[in-house]
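One structure coming up, written as structure tokens, with questions to follow.
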């Protein structure tokens, strides 16, 4: 226990299980490089307020640089008494440069230090995540371009509703992810606020240049209130929310992929590299990765809930409960960085069965077009809808499709029907009519694709 | 059932319980005015594409204006068959203007309509919420200005840590809420994207001017993909997240208020108007409202989870599951709009016991200052921390405070201690030393207050 | 405010919004009859300890009986100052019988009173819920009996896996619900523990006969610790968990129903009474109720989370946060009592397309039987699985089914294949082989049905 | 990839990241011993249906025994291609005994196998957890016995309410945990239902003796429906719920401990072995472990939500989403098994400051007794409550306690007050009056303790 950063007033050592419960080194070691980086900037700042001489700082910088290298090459040796990454780094620094290492923690607390490390880690990880999302967006746009001529049934309530372009279908996921990217970027800005220099809670005991440190660490602003700075984990909670939204969007895509690769739909076949089999049933080819993406959505939402619930009603500035903040964030980041490229790869390599899709567009899906045809003849939509509903019922009873119903039958429903009613059953025409912004007409979809590409190019 | 908007193809009526399960009128009636507003803009747009004549539109606008008035004065009569607000409005419009009302729904679906109504409702409600948050922020700044001279113990782990200004303590909540306001504003922008003109899923069957409608409805952009437009509820989920963060911040404030009004702390006394009593114990004066604010945080987080879980893995564009989107949003908005002014009122009217607070600052809270004193004498902080820890233990054993320990005793710990050690125990000096940005020094807190006022003035 | 139960020590009235935030009458009025019932038993008990004379009790019993009637016939008039149901009842009792009403609350607190009322309410509602679950179970067993001859594809990963009986498929939901019923019954027992007589927190100030009261109220035990009795809401949390499990089981059923009524599967057609249409697309027939059941699962899980989060870290015995306990329970109970009969009705009235189901069983689903055939010839299963996998691949490349592959082709894969390989492709034989307990063989399924009926008959 | 259990029909290998996403070996290796145990029983059963000869079984049993030893002594070597524990064991068995190992998986699927392993793991772990809960219960009872003479303020709303025995306070947590133990035992029974012999989904293809296997594995029953058997994870969800309740109870205890070890309460001092210090503030002694217990409650609730959300709406029998079931269960079990002994140790070793507690009982806490005194004089409680409220107000204004108010002052409030009013202010008498079952009177608490000890002895 003599190596703990805080043992001075204590007469007996911690209970071993208690030590284990308290330790965070098993996960906060992931912030090793960020901890070193923050310490280097803090040491520089201590020179500015006269706590360190330039020579002492030189020693510290050299020692920290060596530690950084040890982490980078995987040669840093942790000790059993390293309860957290901050302790480990200071312990090692002392080994390397001796007692002067003990000056580094002046005016700093693990409270502002860990808040800084964690934000720095996030600032390193968020662009990776954005990149992985962008890559999936690129695959979606690629598919939309490739599959531009394919028609498919659009669904509501999982019932065939109206014909759409497959490209249009792919693009919906692009826009969901585009909102996620927007949220990630806003989070990036909000995360780049420096807690360092706020001490344990009350502020540093000398006028350290916090704005300078922020700049050195690539952060746009400094926290304005030390109590808030050491205790708020808004950025972690917001990350888990944004991650949950990404996961929800991926779960929607995954659900569709699971359906569309089933025998009943068979719109897509997955590449073998993105399928798995059964230990019992030799014929099986399962969309496991999409199921995992869907299932992990639950897990990620759970991590969001976990942190929010942990944060509820905390009484002080820093409370130890906050130590629960990092595992959900690390694990969620890992999960998304694993799922996203797999989904991108699976989409990129799948086979589209355009014939199956088009064959699935039965004439009843043009019932709305039939109603619109009546509207064109001056019948109010509500009545047109009702008359078309009758046609659907009659066709169903007769066991034929709407397209097969005779003109006679139509005219029996309403005399305004004419021979031009056949036009209502032309699928490509139906699709082309939906040309307003955001519609499924080929032209509108091409505009969508152009806008999407412009958005991706901006980054 | 004849009045439903969709019964044409159906041969038998809905089961009564099934109808009840399906109906949303009990909650979506809250969007009545938004539904009318959206319909007016849609009718105008239908003129542009030749579906309505100007005369027909005139009739529709007049009818809708009458319906709007009926809602505003509370005289709109719902029918048992009104399964949702859209059905109710169209039914009433038909009663007022006859069959021409049946033209209004041309090219529109309840899918794009409800998405539009809901966004319009949010755009009306969000500024109210922002206003209520701002009002609480104003009270916090007011308290910070009033209470600028009061000292109090700052806590970590609910243990007395270092002395701070009460004003500094109040201000931490200002900054938490400031981030919430930022999130609300970003959400406002993201919500102002128009789904109308996207039909059921595939787009409107004519080139309706969606950008014009967006402008008429005060929205900054139009949804770029019809499938996404009718099915995404990102804005509702994001609202519930932002609301959860607000609630978490209020729960932290509330937890502290509950503690600080307890007999043990007695830092504040609540005004009778913001306290309640006990049916059994005549002496009780309870901080019920803060407890409710804390408790309702759980409820709000639950509503976030509810919607996220509902959204997970939905297969189609529009699925009926989405009907679960509105109650959590409405209820959360109501809850926050009820809590926020009560908390503002309670803070505004409480009595501060500055004497109790200052008396609670015992000398051991200056142990860090004592260590800093040693640092000033050239001792590395880590050693200084250890030496001070020894002093704490010696004083504890002796049953005296750090300030009461003799110079002799100090010099026994380390010869560098001198008579100037008494300075380390001056609370106001301790506070004043923490003058870097965000620190608790009076000057730094005054800067905070100025920045906060400037931020509030911006709105 | 003079009518509040606690105003004595207060000098000013509550702020109006604060009063509104604090009030619970809007939802706890649902426990009116339970509140009266508990009060009647409490008054009887007060006679036992000499607080009430038999004559006074007579007056109180008469007054309470009148109030009970007023609630039953819907004529009880609430006052704006009735902050909760307890206040309302005591206020009304005072109006009816005068000052002696003021004796009823002796030794009792709203803390033990509300805990008692809530448990009584649960004890009334749980059997209703169990009944509704049993009814759905009965419909499932009924379907299993009716549909005993229908074959269908069993799925894993939503891929066709092995043929099963439709009856077997129905019965899986029976067993899920059977576990839920078990949990409901355990909960019923745990809920039947009496808090009354525990006062605000410390116990009643006289030796009231709590065991007698428990018996009078139909509860099996009394709470053993007054502090725990007034503050624990385990039963409410456990209810929300059990409800979540029920909902999850219903969501699984619903997801399947949504799939199986889609055009792609078309295994079932819903009766018109349990379907809805589209306001735009005249041909649509949507499984809205199953979607709502699935969507409301999210909402119910959210309510569980809400209460658990509210309960986390509460500091005292009774804290006002606990007031958040009732709305989620009431709403969840209502939701399940609405969903269950609708789902039961929908299942009971649907049309099964046994031909479609059987047609969906393609020979590749018998690949496991083919491997088992090889096992019968002495080949280890792992090798048999591999050989069969080869057969699948060869058949796939050749564009034929496994059953169409020539004996030659099979013998090319392995010489052990003989003409009897055709037996492996007999679907009914495949099903019949799975006759161990729990398997899909007709005999095993009949056993299942018998056990299920015996279980239902027990209640 | 050649070693996968399912590769036969696949032409290309899995993408590496896809393989990594799919693998579960990193966590399911924890079920190694259970997997071996299940396989041994399965092999025995295969003899019964003639799939294995006794000699083959002998080989398999020997091989499995060796594998079991390798796991027990930590010498089992995993291969990079072992995607899950089942694959690893079968791969190793093949290495040891050759091709006959390939017969073991006959009629079995990883679906029924993993469900069996997981249940076996739970059945091993649940008694450990129950034991750890019992140990904490024992410490609580021990404290209750030791601290039987100490008085303390009881709280509601964190306001001092009525005096109670510290023993009574400790015992409340005993009863909360007693309910948790009840739930754990019910779960134990529900978990002991065998899925093995259900195959992938449809049942085993031969009449294997499932009841015999259940007995051999210590399970009380067999799953009655194969589809349900392989897909239901009720037991995992129920475990996470029971764990959440345990955590909530611990969080309530922890919140109180954090308060009661604060400087403001100072009712308890933690032993150094169960406290931690600050890296910056030498005087700090923090109740970190209780904060972690409180914080981890959020994390555990999050894991419950994660699994429930994952389970919602799954379409098939087995879906790969189910692979998300184990990490939350394993991690939650680990967390509770870490927290429980630390909390037990901390309670066992703390110092009680009975003097501080008793000193905190101010006379106003006897206001209810004062009201009861008036009731004894024949005044209805409601009026007595009001009169006492007046006394409280008058005392507050006068700056004295209720006990210091003169008889004159009391008689001014109501003439019925007599000199015997002083009795109402005797704390020990107040406590002793609460002698009904569950009350805080010493006799009642002793009864509680006896009942608790009897309950613990039963196990």
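Order as written gives the chain letters A, B, C and D; numbering starts at 1 within each chain.
In the analysis below, a contact is a pair of C-beta atoms (placed from the backbone, for glycine too) under 8 Å apart; a residue touches a chain by one contact, two chains touch by 3 or more.
The shown structure was predicted, so the numbers you read here are calculated from the model rather than taken from an experiment.
Looking at chain A and chain D, the chains in contact with each of them are B, C.
Comparing the chain pairs B-D and A-B, the larger number of C-beta pairs in contact belongs to A-B. Chain A and chain B, compared by their mean Cα positions, are separated by 23 Å.
As a whole-number value, the distance joining the C-alpha centres of chain B and chain D reads 33 Å. Of all residues in chain C, those that touch two or more other chains are 5-11, 105, 111, 156-158, 161-162, 199-200, 258-259, 277-286, 288, 291, 294, 297-298, 301, 304-305, 308-309, 311-313, 315, 319-320, 368, 385-386, 388-389, 392.
Within the complex, the chain C residues that touch chain A are 153, 156-162, 258-259, 262-265, 277-288, 291, 305, 308-309, 312-313, 360, 362, 364-365, 367-368, 370-371, 385-386, 388-389, 391-392, 402. Across the complex, chain B meets chain C through its residues 4-15, 17-18, 20-22, 86-87, 105, 108-111, 199-200, 258, 271-286, 288-289, 291-292, 294-312, 315, 319-324, 327-328, 338-339, 341-342, 345-346.
Put simply, chain A touches chain B in their complex at residues 5-11, 51, 90, 94, 99-107, 111, 154-158, 161-164, 168-169, 171-176, 179, 182-183, 186, 190, 197-211, 222-232, 234, 237-238, 241, 244-245, 248, 251-252, 254-256, 259, 294, 297-298, 301, 304-305, 308-309, 311-320, 368-369, 372, 375, 380-383, 385-390, 392-393, 396, 430-431, 433-441, 444, 448, 451.
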